[in-house]
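Questions regarding the structure given below will be posed in turn.
Naming follows writing order (A, B, C, D and E), and every chain is counted from residue 1.
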């Protein structure tokens, strides 16, 4: 177990392991996505209150969870980078910032496009919505801070510090609905938590879509990490060998 | 042997500044780091004093890795960089008082004496921005007399000083070495110390590394 | 006679820096302003080039008071101060392009040649803060080669340069003088020009004034 | 490579100055985005602090947007002369043979292009967030379009006066903020007038006149202030 | 004169650091007075911009005062490490043998004393301008008293992260404002609760808890950030 973690911490082993793992991830994600989309959009019945609008939930809720979960992951990576100076952790943290930010933006967009038919407005200063916006700002801030430094290592450390400081926002998003009188959620009686009130035809495809989006998130993070590994380790022997091999294969195919 | 660096390596922007750099300096020694502009002298000195963590290799003080004994090491080390570390809106007296306090002591009499020795009598209470480049440098150098550090790390300490100032500082460095201190310094001017000076030349080192 | 100062007087904070200062400098001459730290060299040079208006006396260029011909004078004068006038986030190329444009011309080839002559080949397009103190100074000095000024006013131009840099700059100054330029400079290092140097010592002047 | 010196006319020189400002902004792309981010975030604070009631928000919208715009502009001014002063470029600017008036104008205009203009273009989004009534958008943007360059010029005077020494920093507050109040009052007034169905042309004309005044006089003041500061 | 070296304990060293902050504020009053002026002027702009109707003003008062206080604090942070970074004092601070944690705490506390505290003391005046109901004064001031030090600490983290960046400009705002929103929400909440006759002790306790958290963790983050910045 520890051995495995240790290996994952080395860029080279991470690269090798994900090479084996990637095709599976592609396959599963694709499968879930197709099933979720076809079922959710084609077969699930319209909601008695919101008609077909509710289908946005298939994007909205997973992207919200991923935006938050992605931040948690980024923060863990930042902590690992700060404490144990694990290079791989920093690589993952670096590539997570823009990906997580994208999902956060996706949540905001899907939410506000949902808000128009349900609440009658695109934007409302509701606690959860606001704190999601703040999360987006923090994602942007972390990425911007890193890129503002020229030295890779300084940027990495600075971004780690900011990521850890930004963790305080997470409980706010989670509990904001309790602290604040809020429009979000209360306007809709459709909630995943109370599965009993909704027919399984609605929430099962939601699970499929949830895992599919999570798969996409993982794919994005892993692919970008691999890219980053190659850039950072470009002068090591194994990357050179890898590139040589790719070139050879390309030549043979041509 | 009090201060040693083993197998130091540093690169900046994919250019190796130095590698396999080993040296040690003991009480009473003066070590001059030489090299052309951009050869990495400042970078080396900042690594040694702990301001730059982007290196590999080991730096030890009294046999212990400096990273583990940061505060002790800071107590025994004095660093003078390219920038004077003098707040220009404050007076020399105020600047030096803060310096002393941040090293855990207070001694106004010593501050006045140090300023006097550097030829700044009458300037104790005027804000530093009203001083010439050389005078500001002298305020910065006054800390040398206040610090009770064993190891001095000086990056181009002679900048902006007039001839007399240079001679006096050279005297101070030699005296420090004789009194059992250790000094690592860089300078582009021809040092004239009446004590032995060891030299590390980063240019030739790079040649070897490349 | 091209540039002259008559009966210059300046005091700062009730302390007279110089008074009754007269000198003139003609094509082909080098004038070194000497003095201890704080004697007023920088102040004098800034007065001469027009950055400091707190003086009395007269400064004339080609027989005319400089205050009346500011723009013409600026066109013929080059000033290098304590600070490098180099924006650290820009690259040397961008810095020098702006300098050229603000002097009414554009000439990329000359900029590349100037940078090459100062040993900065390969550094044309990296931001200046990534350079060492001496390299930044060299970017600043590259303007000397671009400016087509007759009068150079240089305040401690040798700061931060390594030995080779100092020798080269001395050569450039001597060449300028031989080519009919006029140079006023200050430095604390022992000048070695192979052309005659006139000296004004502000310390002895002050002695006289006091 | 042979040196080929090409003489530039004044316009070309000004363009070079402008180009330098834009380059400086480009060198750290955050600098163009950050004032906007600040603008957005600061505006978003008001609903958080005061309550999210739509009627309340649309009542404070014009004032809030104008105040934050002023603040964003003033904060962005901080960088206008600071680095030039510290590295000595300012001295070289003052010693350059090109007319200082136009060089300073180019500098401030370049600064406005990268900070002020995007801010104006971003305003509709913030109007949306603060539930600004539809009738308010055009007047708000026109007002900001005429007002932000003035704020830039006024801020530049303040910066020029204070860049030399922190001891004179008092001037920035005493001089700049009161000077920019007329712009703010007229700017917010334009939106209020529009929301109440009153004509806005007159108020906009006043903003334009203030801008014209600032354009013609501020560079002189900035130049004089800079000469004092570098001394 | 004979040298009499007196060893200082940690507290005395911290006092010296505090004293230096106060001295700096005294030497360059602009740094401390600008934020206050901004506070006053921005707040007094709302009657100008939105209309002087008392009911309207008192309804926006808590939010406006808190938001402008937050912005003023952030504005004041700009000067916290800037000059120390530029003249190299920051390097000396990091190399000093005294515990960095406490030195930074002293520095931020000193900064709060000269910028945050006057701001709190100034608040009643602004409450008066905005016709804040009498019941709101105490909760507003108590909230600010507990909230501004937190804002200072958060701002110091942002400043420490960006001080080494050339022309960092407003990156600070982007980093720091999102983090300070909880303080704002609770702070404005305290006043709202008081005006509605609800108990405020719980909300104040939350502000106090946030402050305690910031006091214990922020100096660590600031120190780590500064070490990155001087490199």
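Convention: contacts are C-beta pairs under 8 Å (C-beta built on N, C-alpha and C of every residue); 3 or more make two chains touch, one makes a residue touch a chain.
Predicted model only: the values in this text are computed from it and were never measured.
Chains compared, chain B against chain C: the Cα-based superposition rotates one onto the other by 180 degrees, nearest 5.
The chain with its CA mean position farthest from that of chain A is C.
Of all chain pairs in this entry, the one linked by the most C-beta contacts is D-E. Remark: chain A and chain B have CA centroids separated by 49 Å (rounded to whole angstrom). Spacing of chain C relative to chain E, judged by their CA centroids, is 45 angstrom.
Once the centre of each chain is set as its mean CA position, chain C and chain D turn out to be 35 Å apart. The centroid of the Cα atoms in chain B and the matching centroid in chain C are 30 Å apart. Listed for chain B are residues 53-54, 82, 89, each touching two or more other chains.
The set of chain A residues touching two or more other chains comprises 130, 137, 140, 144, 148, 151.
The multi-chain contact residues of chain E, meaning those touching 2 or more other chains, are 27-28, 83, 86, 165-168, 171, 174, 177-178, 181, 185, 231.
Contacts from chain D toward chain C in the complex involve residues 1-8, 12-13, 15-17, 19-20, 23-24, 27-28, 83-84, 86-89, 91-99, 103, 227, 230-231. Listing the residues of chain A that touch chain E in their complex gives 82, 130-131, 134, 137-138, 140-141, 144-145, 148-149, 151, 154, 157-158, 161-162, 164-166, 168-169, 172, 179-180.
The touching residues of chain C, when paired with chain B in their complex, are 12-13, 35-42, 82, 119, 126, 130-135, 137-138, 156, 159-166, 188-189. Touching chain A in their complex are the following residues of chain E: 157, 161-162, 164-165, 168, 171, 174-175, 177-179, 181-182, 185, 221, 224-225, 228-229, 231.
Residue ranges on chain D touching chain E, taken from their complex, read 24, 27-28, 30-31, 34-35, 37-38, 41-42, 45-46, 48-51, 56, 59-60, 62-63, 66-67, 71-72, 75-76, 78-79, 83, 86, 162, 165-174, 177-178, 181, 184-185, 188, 192.
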